[in-house]
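Sending over a structure as structure tokens; questions will come in a sec.
Chain lettering (A, B, C and D) follows the sequence in which the chains are written, and residue indices restart at 1 in each chain.
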Amino acid sequence: MKKLSFECDYRTGAHPEILRKFIETNMESLDPYGTDSYSESAEEKIKTACGDADIDVFFLSGGTQTNLIVISSLLKSYEGVIAADTGHISIHEAGAIEYHGHKVLSLPHKDGKIVPEDLKKYINDFYSDENHEHMVFPGMVYISHPTENGTLYSKSELETISEICRNNNIYLYMDGARLGYGLMSNETDVTLHDIAKLCDAFYIGGTKVGALCGEAVVFRKEVMPKHFMTIIKQHGALLAKGRLTGIQFDTLFTDNLYFKISKNAIDTAEMLKKVLEEKGLRFAWDSPTNQQFVILENSQIEKLKEKVGFSFWEKYDDNHTVVRFATSWSTTKENIENLKNVL
Amino acid sequence: MKKLSFECDYRTGAHPEILRKFIETNMESLDPYGTDSYSESAEEKIKTACGDADIDVFFLSGGTQTNLIVISSLLKSYEGVIAADTGHISIHEAGAIEYHGHKVLSLPHKDGKIVPEDLKKYINDFYSDENHEHMVFPGMVYISHPTENGTLYSKSELETISEICRNNNIYLYMDGARLGYGLMSNETDVTLHDIAKLCDAFYIGGTKVGALCGEAVVFRKEVMPKHFMTIIKQHGALLAKGRLTGIQFDTLFTDNLYFKISKNAIDTAEMLKKVLEEKGLRFAWDSPTNQQFVILENSQIEKLKEKVGFSFWEKYDDNHTVVRFATSWSTTKENIENLKNVL
Amino acid sequence: MKKLSFECDYRTGAHPEILRKFIETNMESLDPYGTDSYSESAEEKIKTACGDADIDVFFLSGGTQTNLIVISSLLKSYEGVIAADTGHISIHEAGAIEYHGHKVLSLPHKDGKIVPEDLKKYINDFYSDENHEHMVFPGMVYISHPTENGTLYSKSELETISEICRNNNIYLYMDGARLGYGLMSNETDVTLHDIAKLCDAFYIGGTKVGALCGEAVVFRKEVMPKHFMTIIKQHGALLAKGRLTGIQFDTLFTDNLYFKISKNAIDTAEMLKKVLEEKGLRFAWDSPTNQQFVILENSQIEKLKEKVGFSFWEKYDDNHTVVRFATSWSTTKENIENLKNVL
Amino acid sequence: MKKLSFECDYRTGAHPEILRKFIETNMESLDPYGTDSYSESAEEKIKTACGDADIDVFFLSGGTQTNLIVISSLLKSYEGVIAADTGHISIHEAGAIEYHGHKVLSLPHKDGKIVPEDLKKYINDFYSDENHEHMVFPGMVYISHPTENGTLYSKSELETISEICRNNNIYLYMDGARLGYGLMSNETDVTLHDIAKLCDAFYIGGTKVGALCGEAVVFRKEVMPKHFMTIIKQHGALLAKGRLTGIQFDTLFTDNLYFKISKNAIDTAEMLKKVLEEKGLRFAWDSPTNQQFVILENSQIEKLKEKVGFSFWEKYDDNHTVVRFATSWSTTKENIENLKNVL
């Protein structure tokens, strides 16, 4: 039997419908650099999915690329971006934000999230500090939704954070690498319409939700950086064959495919949760999305690793470790059954 | 009849064999970030194609991305890169090299190429200038092969440039966005083995030679930047699903596919040349590769544009314009026949 | 006899009145970071000298520092700065502008100056190029006044350039490292009031005009970058003891000292010109300011160098070299007499 | 009576001997850009003061400038600098380090210092994290000595930190903005010889220790960045009149002036401490250098501020605030007596 794979949500290829569409359109001569008909169609479909908000949509290849381009194109040179200390930009993007000139201003996370009160206090403390002209101005708040811990902001939390940002002329930007899994969670009250209203910029993740690569970055029209295509080019992120991302997102946003396959990850995650519970495993914290975090005894880990792929998260104590099991758009019920048997 | 398309070499999708391979491998659970088996296999095949030289191979998404990462990771902060004034980095990359901190030091081109004597003079003048500590040090020479004008360096020219570089401790870097078309030209004496020996770094272009996206960047082992994967990540260029480029290059370097489809572009370009000549069109300059540059009367252009796609290159005089016709891996004999009929 | 010194205009210390003022104010406890009373007084005096235009004034330490901070704080990431190919930022600032992310877009100089027609053509060509989204946008015009060649723009030339800039939403920035010498030239029709009206930003050079260090950078109020003090700090250019530049500029702009000592450089330059002419030396070009450029036979140079300091400018032909003699605020009539005797 | 000034150590001008030397040398024609005889003499004297260690010395204008140039010239693009969260680069340099591309990796301070054990753990954790290729590599440790809190590392602490750095190929860099006050403290066992041996780079602060501006940056010869003068120029930090810093440091390192005037700050700080103690004020923490931190009732502050300058440090609790009193090279016994009377 092949080793079971729950390490992460980017180990299989693309949803088959995407590959079918690649083949169907392959010999069409299309305009380059994202001006092709599929990119345009994808943009329209995403606008509709966002509630026809006054937005602009662009396609990029990956999450770190999207984060660094959005952040560096929206911030002034003297501004930084506030993020939870568990945020992807805070630790796992190899300093890409700093490499592009901006400090990540870390706030201690609670369940992987920024606490609105902490945010308010941070901003107030900054502006009441008489030396703040010698410090990095807060110019943006970065949140992940779902977070790196699999958790979700409630609508009320999002509204509060959005209000704090608007009151202080600070952008609110959402990293939606796994946005589909957040939107289809059984425990969320946040819709894509809400996000389009409350955020200044966000991205709809493709790489982790059924695409080979690609993220759809959305800006409120009035926030949209001028000459964004040139900015993308300057970062080496402009695909000559824009069809690569255009066709993928056009397919994902046709017949709600993006949401259907996201739902699959949630459904299989719920099954996974039950299996893990039944086997008496402790959860490190509660996650309503496709990533589940359990505490294993170190002695268990080596043995289990032979048959099941999962990923190391963090040390729990000298004898225990937190590990992550992730489902995805491509996880099947059989995968979960097999895991059950192995456990 | 559909409009004929000769605008450029990146308007169709991928070679069908690549798409077939995507489907075949789609549900395999593969390691992320370029550590998958296909990326590794592609690396080995490229090493072989380069004559088992002492090299390292990495995969990136596009040409500008590759140029900026290679250049900024090899240069010291006080160094710039010498390029022909027609070089892609000199004009058409939106200042990506400067955005990443380095000046492009332009030399006047001859047929799109750097003249070795000019290069030698530039370097000598620099070091004999008593104020050179206040100037940008030449740290690298950038050449395109084929050039933006479709021309090629001879082996002897390459050897001379390489020698100048090595004598002055300057890197030689080749932009091979269309390398396949250069290698399969009927008029070249330069092989991939030569390039691997004479250059410190170069890339084998995929985007313009049958891939949906992707360039294979090659470093001489001793030149290879330390922690290059982290550098790639920091630029937002690390694909989570490295299979995207790995599978494409593995396919292109299996059974010489890369060279065969490059040959197709050359063969159809030769046919195209004959058709253009027969129709009495003047060439702006001679090109032995897949891009052909002809001088059209401005009055002709509007009419022809209705039926044929080609691209504006530059003004020739008040009444004439240089335009480009490009073939590619996917151009067919029928395309050329149809063009003949239209002309 | 001590060797005569005409190499450049920054080899002596400060005008004695400045040193006197340093001593007079030395033990006063002053607010740091440019908020001291002398900096404020200097700012007011400069505003008056500029015709009470709607401007803001800041003090920085040197010319390259000023250029890179002004340019990088006014340009968008996708913009570059147009300059003559002889401009200081084009060649002699070690790539400081590129290091801070922006391309210097060179125009061929005429007598060290940008030709307004060339500028107009460059901008028109840019916007009419259908690929300009892949190129560096012109965001600013940089001119030196006096130029590196000692020449001056006429008021009419400045007006034309300013108009071109405003019609195209491009900033006009003047490097006034030797501004005093330009303003006091016998052949200029340009006043400080004109400059304050026609430029968006400029600086009044101190380092080369009687200060130990320091440049007064002036912004039209509406162009002034927000939080400029933080931007200065971020570049490491905020002096803790702002008194250093404040006192110097307060002194220079008291009782027209800046203009009086500039006039001395012009007067001695006129004497110098006569001496050089009398001795039958050829001028490389005509300069109405403190720098004079003559063509020497290479054989003359070695001998002359033993007794007189001057600086190498450029090769003229195989047997001749252009050299520069510079006067300054501190050059005396005796210095010129002595030179006459030596020649 | 004039208000007493204890806000900070950079509110008076320069030591009178420096001004005397400015006047004495003012009309000498000196080589520019730091190649003058005074800069060279200063360099030699500093080498001697450092125990003739194998070092190179350069002069820069200010602390933030020095920090950002040293850090960005020594680090690789993928590296960051470890600092205490109270470190100047962590909070009060307007993000200058990040603006130049590098993350500041904060460790919680203890008395303003990095704890060696924390440092060791940080580095070990980093290298044992299997995802560290996606994170910022620790490339340097930054310590302030004295720290921002006025505290000092013991020789043993410095040795341990130095050893950790060398074992991990990480640079150790000391910010010596107030180094004189640290070296002359009655409670230190660290000498300049020790520092020159244990650090890879450090600077001897002038701005806060008797100079109008200027810091002497010292590199171990083998660590010295190549073409450092060009790097300085590129940052806009190369003074045309290098005499400005050269003469100041030459004066400060003649007849031990630097140490004598530093001693004055320590002696007056000791007197200050006694006065504050006698008046029953509580110290926030113990400081053996020229900065003293006391806890005042908020109600006291407003009243005291009318007669004495001091600076706000941080909130202590709702009713109390920590404030700083600083002595300097120019503080007199009379100043302290007067303060006593006021209190």
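Please note the rule applied: a residue touches a chain if its C-beta (ideal position, glycine included) is under 8 Å from a C-beta of that chain, and two chains touch if they have at least 3 such contacts.
As the structure is a prediction and not an experimental result, all values here were calculated from the model.
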| item | value |
| --- | --- |
| Pair exhibiting more inter-chain C-beta contacts, C-D or B-D | C-D |
| Chain whose Cα centroid lies at the greatest distance from that of subunit A | C |
| Subunit C against subunit A, contact positions shared by both copies (same if over half, else different) | same |
| Centroid spacing, where centroids are CA-atom means, of subunit B and subunit C in whole angstrom | 42 |
| Rounded Å distance, subunit B centre to subunit D centre (Cα mean) | 50 |
| Whole-Å gap between the CA centroids of subunit C and subunit D | 34 |
| Set of subunit D residues in contact with two or more other chains | 77-78, 93-95, 99, 133-134, 230-231, 233-234 |
| Contact footprint of subunit A on subunit D as seen in their complex | 77-78, 80, 91-95, 98-104, 130-131, 133-136, 312 |
| Complex interface listing, subunit C residues touching subunit D | 2-3, 5, 8, 10-14, 16, 19, 22-23, 25-32, 61-69, 93-96, 99, 207-208, 212-213, 230-231, 233-241, 243-244, 309, 330 |
| Residue ranges of subunit A in contact with subunit C within the complex | 72-73, 76-78, 133-134, 137, 226-227, 229-231, 233-234 |
